[in-house]
């Protein structure tokens, strides 16, 4: 069963003061997320990521389209017991402590009283919030709030978790921890759907990604597939500033970077390059297959859209 | 039906039911506490205190008190009450808050001075109110008129009435009628013509419906009084000529060569009693008449015709 | 359903109680009750009158301010600051949120009134040196004041469901002031004609009838209050609050939470 099936969800806002004009925040979206995968929803700011998430949560009503979550209609209130949500830059009841907040949310999610206390402790441990007993949330730093947000999202052991920009406001250590957490969740068999504009995170974590820009879906697929539009090139790095003549014969693009040289050449030339370096007694530092980064794919998709848009207009 | 639709329906029904319930309950509550509102209102019955309590919103409070005054009078009038004890304080507070609220003075002139059940029976306070109004609105000739009105109708103090009308006629832009009234007061105070002029003026210048109604009733009463006076004079004349009173109105009518039987403003013929008195058919329809009533008649509280 | 309602209510109560604004306002109200003692001493005969009048008026006014501030704060702010998102991502219905908030607020205000009332009774005891039987009427006045609060809370929630915090506060307070003159509004409506009369009468009936609930002067003068009035007022407050809350639910059910 697919964890999430988005069937043509679309949202058009009416903007303007006197004469309202329609503004399309999201074009009809068709997307499927399988159970047990970490799915990245990528796009620049204002692309429609948050709108999509809010529609799935029932916070915003779609202009058209439906969705199914864990096999049920997305408007079914009971399904909410099985999903967790971390909104962007969350804000919580200032005057509660983290324990009280989680306890409250636990009550609302229907976590039985006898399990609640234990579960709250577990989850706080899991997100790395310790020594905060009795501290009101308004004294929490941004990073701590983010962790508390994650805690409330996984408290009731949901099957499916939605994170909206989970890394925002976190320092590198924090981000690492969140990434580990998401891996953990996947290992527990949960599905993670998160939106972000930080591509390196997505690249590291996701099984599959979707790219959305200006309300339109630009590309969907497994990270490997998207980035393996490898041009069949390798990058060779060697010590020194010398470029052997034989390299030039091989049609290599060479750049001197500090006290090393980086050359890009075709994969089938790899052995010849190694031989060339050996003959000249040049020390080889690294050979790496060249993959398109997700970023490049991303930028290409966005530019492509712009040019098509340019042509169309 | 989805959960959301169900919620909408239930909430909608709840809204409608609650709305109806509220309106019905409100009407009930109004009935339970009719007096409460006025008693409440006059807990602070000193104009100075009210002014202080208004926190500067004098104008608004004046309007509110004026509304209450009219409500108060209307309710009691409708209930055929015999006293209007709160009318004077209400008017005093209203005018203390806003001395330029002219309708209040006219109201006071019409209803403070007359004796119950037509009014509060406090002519002295009425005069006080008018003088207060004149003091604050010296160039408003109508206030002099209202004051003269009180002297004339209730106190029958024609000398003072004349003096007031004279004062009023001096005001720039005064209606020329004021000078005429001053003159009339001096010589023909008791005439029907004078009274009719006065009440006609009251009717035409009145903006408030109670005051208008009051004026209408008085005009009707003057008509009846006039008719009865003339009819009784005719009866006198007939009796002298024929050494006996007329047997009926028709006999009198024939003798006087009238085209038909004389009728009152409602169209009913005047009755001629065996002892030669002229009476109206139903005295209750004519509050304020001084003639044409049967002996021992006690006037009922006035009811207004032409109810709005 | 019910457990969730109660949880939301108790959380609202907790949230309100920890808001320092609340304490400042209560302290002020108590201060005013204390001041009443001094004002009363200026004129010996009317000590009791002043204490009851001033004390109950303070309870009423401050209570309304608290009701509006906290009522608006707890919903509008929640929507604006997005604490609501995490609540609604749980199996909580939107209407449960509104009703739960209302119950929590109502509870807060009852507790509030209790504390402020202590101030009034304390001041009364000080000037009168003992309680007499008619003083029980003060309890009725306080009960009516609580009914006023319930209506105001419901209205605050109604406005919060679609309006910004500031506007909601303004609307709610305006309705409080207008509602205090509801009698006069109906009187005014009776004096008008035609279309104005239609609108004025409709407005006069829609506005909450606080004039009937304001028995402070009567109680100060130790006038008796009929049990019929008490019952009718209770029902009226109940239905009026129900009306406002139904409206809030209807609006909130449809609202896009940006």
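As written, the chain order gives the labels A, B and C, with residue 1 at the start of each chain.
By our rule, a contact is a pair of C-beta atoms (placed from the backbone, for glycine too) under 8 Å apart; a residue touches a chain by one contact, two chains touch by 3 or more.
Nothing here was measured: the structure is a model prediction, and the numbers come from that model.
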Pair joined by the larger number of C-beta contacts - A-B, A-C: A-C
Central chain (distance from its CA mean to the mean of all protein CA atoms): C
Centroid-based (C-alpha) most distant chain relative to chain B: A
Chain B-chain C separation of Cα centroids, rounded to whole Å: 43
For chain A paired with chain B, centre-to-centre distance based on mean C-alpha positions, whole Å: 84
Inter-chain centre distance, chain A versus chain C - centres from mean C-alpha coordinates, in Å: 48
Multi-partner residues of chain C (each touching 2 or more other chains): 93
For chain B, residues contacting two or more additional chains: 3-4
Multi-partner residues of chain A (each touching 2 or more other chains): 77
Chain C - residues contacting chain A, complex: 3-4, 7-8, 11, 14-15, 18-19, 81-83, 85-93, 254, 256-258
Residue ranges of chain C touching chain B (in the complex, touch as defined): 93-95, 181, 183-184, 186-188, 190-191, 205, 209, 211-212, 217-218, 221, 223, 226, 228-229, 232-233, 235-236, 239-240, 242-243, 245-247, 249-250, 253
Chain A to chain C touching residues, read off their complex: 54, 57-61, 77-78, 80-81, 83-87, 89-93, 95-96, 100, 104-105, 107-110, 149, 152-153, 156, 162
Residues of chain B touching chain C in the complex: 3-4, 7-8, 11-12, 14-15, 17-19, 21-23, 25-26, 28-30, 32-33, 36-37, 39-40, 43, 64, 67-68, 70-71, 74
Sites on chain A touched by chain B in the complex: 75-77
